[in-house]
Amino acid sequence: MKIIFEQLLNGLTIGSFYALIALGYSMVYGVMKLINFAHGDLFALGSYLGYTLLVFGSTYATVTFGIWGGMIAAMLIAAIGIGIAGTLIERIAYRPIYSVGRLPAVVSALGASIVIQNGIMVVWGPRPQAYPSQVVPSVMLNIGGIRITLLQVIILLISFMLMGLLYYIVQKTTFGAAIRACALDRDTAALMGINIETIIFFIFALGPALGGMSGVMVGMYYRKISFIMGWNYGLKAFTATILGGIGNIPGAMLGGLLLGVLEMLGSTYISTAYKDVFVFLVLILVLIFRPTGLLGEKVAEKV
Amino acid sequence: MAKDNNNMETIIKSEQENKETAKINKVMLQTNKLTKIFGGLTAVNNFDLKVSQGQISSLIGPNGAGKTTVFNVVTGIYKADGGKVLFKGEDLAGKKPHQIIKKGIARTFQNIRLFSNMTCLENVMAGQHCRSNEGTWASILRTPGQRKEELEIKENAENRLKQVGLWRWRDELAKNIAYGNQRMLEIGRALASNPDLLILDEPSSGLNDKESEDLIVFLKSLLKEDLTILLIEHDMNVVMGISHWVTVMDEGKKIAEGLPEDVYSNPQVIEAYLGKDEEEEE
Amino acid sequence: MKSNKNINQKNSIFQNWLVILVAILFIALPFIINAYWVDVLFFFGVYALLGLSLNIVLGEVGLFDLGHMGFMAIGAYTTAILNTAFGIPIIILLPISAIAAGAFAWLVCSPIIHLRGDYLCIVTIGMGEIVRLTLNNNPFGITGGPNGVFGIDFPSLGNIFVVDSSTKFYYYIWLIVGLTIIGLVNLQRSRVGRAWNCIREDAIAAEATGINVRSYKLLAFVLGAGLAGVAGNVYATKLMMVSPESFNFMESCLLFCIVLIGGMGSIPGVLIGAAAISLFPEFFRTFAQYRMLIFGLAMIVMMIFRPGGIWPRKRGAFKVESLLIKAGEENG
């Protein structure tokens, strides 16, 4: 019983990574109807930015921010840096192409993804890098008989805080209502006086920022990072997005967490080698029987 | 001798008259207690419709009455939640749209649905899909049979284009021609399948007066081809001008039906629909 | 009107001479350039075949398929395994690989063919990954895991016609590509091609116009997969080995780009796209590190300035496609 619970926590941890990335996909797709293929690579870039700070600037960070300095600084740098990167990508690679059509946007997004991925390779080298080991003290906690590392606790706390914050913004504020309006019908939302530019800026800044922070956490958790991790995580996170219902923000969170748990279960009870296959199979089954995802709504097309 | 001829003429004439009467009495399309529900909304509620062969019937009613939904159920795009659709006596339940057009019902759409990036000729050629059958291998190998069929398809399409007056635009992309012509193109595509019943969803929508008049003349000409026509229309001139029979729908239910002039003066109908329309008419 | 006729005549004459010239050049090429470049042109041919196979699904029908390499992998591994384990000749394995890939496509696409565009996209990605991952894991010990299968024969008809040199492979693949192009052009001008394009334009209208949308979508996938399977067969026999990494997601993306950059549904466009993909890296060998970076930038720039593709499809029933690029001919 305890083991299952621990596995569950592991799954939720991994799931949090996916969820934070999935939110970025969902927000962008919901409003722009565009699959931001570059998003996964922005996550990777965030991880690398955190790595750079921790390896080269950790003393300064600790002095400024205190004992948790390294982690906080890394997260901040990642969030801000990738947030900026996200808006830049939107300006350069997407904005000129919206009016043309869906398919050119896909190619452009793939192009942006390739640029970022190879940019990382050029700057940091093709070989995987390693996060320093003690960003968060390596402590094993025992909460009610269940073993969990301090790092996991921190990750789960931060992730759920961020998700909760985003949920609050999107579901409970006027601004969030504006985002949801844009996702439903962008043109009408614009006619109602909603500033689309602001919304676009927000989703392309916040989504990637969350992804970047997830990147730092992944770096701290697994310690090994490589320039191709963007596609690996991106694909799974995108799967999570679809699982929850694309364009649906609570759905992305649910999808991500669920995917993490499924992956953990698959890896434990089926086989580590086939865990990804298992994950994809689940996705395909969900789509066959519930095509719009778990929380997605079936939007009828007017014939 | 002359008397014999006269007798023959009379016999032939009365035979023809019998056929005409029989045709008029024959029901081409019928819905029995048709019902369609979307979530909480009953769009079509126990709706009975009869369309007689060789006639032009109109389905009218205020916006949102459920008219297009009836069309969509009849043509197989939606599945009925209750009731039946009978075409030439046959139950259409469970048939998909591509099977229904093969049976002889062709339709146009309220918001024109053409194949935008294909030429007008190709659009009309597509209409004959259900009347041709050369398969994949025959096409890859370009067998003589396939080539012959392609030529026939092309010729038929060209004739239809001439019929709807779009011959000069045959090589133009469908998205590039004028709106009124696009409406006619859609009708041409529907006609290409040699249907028995032609269902038109607001064919005069967006047309100016002259174009609407031409449409009326055109639709009347179609009757000579042994066609039956069912229209959804808002333009009262079109409805009154050519309908043999009018059915009125409001909030999913039938509220009146009959000859155009009877419906026109029916107080219920006026209240539900015509009254508002008169105020808005220029 | 008269001047139009003159121009059309001139076009036809120009076209015919151009085709003859290109054909002669093509046939003579291996004798002019060295073996390395002949190999490059071979892989150009493979990409061309793959691009054409994806073009059926993506270009003609408009279905987002980002897992197409999975089909090639099925074909390649069918060839590899049946040849090394049972000694079945490569030539016979060519149609068998096509059928295997096609059957696989039919099996896996049937339950998901109705899915909306973006969802179909992710499912195809998933399928491609499932194929690659499964091959990597060496199920039942037949796929050789990450190292793959090696020791594959060359194609041969008895002992006389053996395809075993770069030059022979060059002719072999381009013969196959040539036949494929003829078949595909025929399809484009037929009821089948028309039905496909109608589905791409408006699936609901297509269904209402009498086209069995589900059947035709599946047909496209099966044909596309079959051709990819053929490509897999030829690829396997040239390399004499296969491994899962050759069929990864990145390659599927590249195929996707070939079709889009070339011009959707356009056969000349796909050829140009394939040339770009296979020849581009060659010219940047010195900047090896920056190669893909520049390629990605090129993709973005292409879509901004010429989203219809380099050679968009020109429509017109029974018209031979004009080889002259008309400026501003946007068919995206």
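Letters A, B and C mark the chains as written, and numbering starts fresh at 1 in each.
In this section, a residue touches a chain if its C-beta (ideal position, glycine included) is under 8 Å from a C-beta of that chain, and two chains touch if they have at least 3 such contacts.
As the structure is a prediction and not an experimental result, all values here were calculated from the model.
J.: Which chain lies at the heart of the structure, taking centres as C-alpha averages?
T.: Chain nearest the overall C-alpha centroid, as shown: C.
J.: Among all chains, whose Cα centre is located farthest from the one for chain B?
T.: Comparing chain centres, A lies farthest from chain B.
J.: Which whole number of Å gives the spacing of the CA centres of chain B and chain C?
T.: 42
J.: Can you check how far apart chain A and chain B are, centre to centre, with Cα atoms defining each centre and the answer in Å?
T.: Spacing between the chain centres: roughly 51 Å.
J.: From the C-alpha centre of chain A to that of chain C, how far is it in Å?
T.: Their C-alpha centroids are separated by 33 Å.
J.: Return the residues of chain C touching two or more other chains; collapse runs of consecutive numbers into ranges.
T.: In chain C, 204 touch at least two other chains.
J.: Would you please write down the residue numbers of chain B that are in contact with two or more other chains?
T.: Residues 77, 109.
J.: Using the touch rule from the top of the page, what residues of chain A touch 2 or more other chains?
T.: 303
J.: Please give the residue numbers of chain B that touch chain C in the complex, ascending.
T.: Contacts found on chain B: 75, 77, 96-98, 101-102, 107, 109, 113-119, 121-122, 125-127, 129-132, 134-136, 139-142, 146, 149-150, 153-154, 171, 173, 189, 193.
J.: Which bits of chain A are touching chain C when the two form their complex?
T.: 29, 35, 92-93, 96-97, 100-108, 110-115, 117-119, 121-122, 231, 235, 238-239, 242, 246, 273-274, 276-277, 280-281, 283-284, 287-288, 291, 301, 303
J.: Can you check the complex and tell me which residues of chain C touch chain B?
T.: 183, 186-187, 189-195, 197-198, 201-202, 204-213, 219, 223, 315-318, 331
J.: Could you list, by residue number, the parts of chain C that touch chain A in their complex?
T.: 64, 111-112, 114-119, 121-123, 125-127, 129-130, 133-134, 137, 204, 249-250, 253, 256-257, 260-261, 264, 289-290, 292-293, 295-300, 302-304, 307, 332
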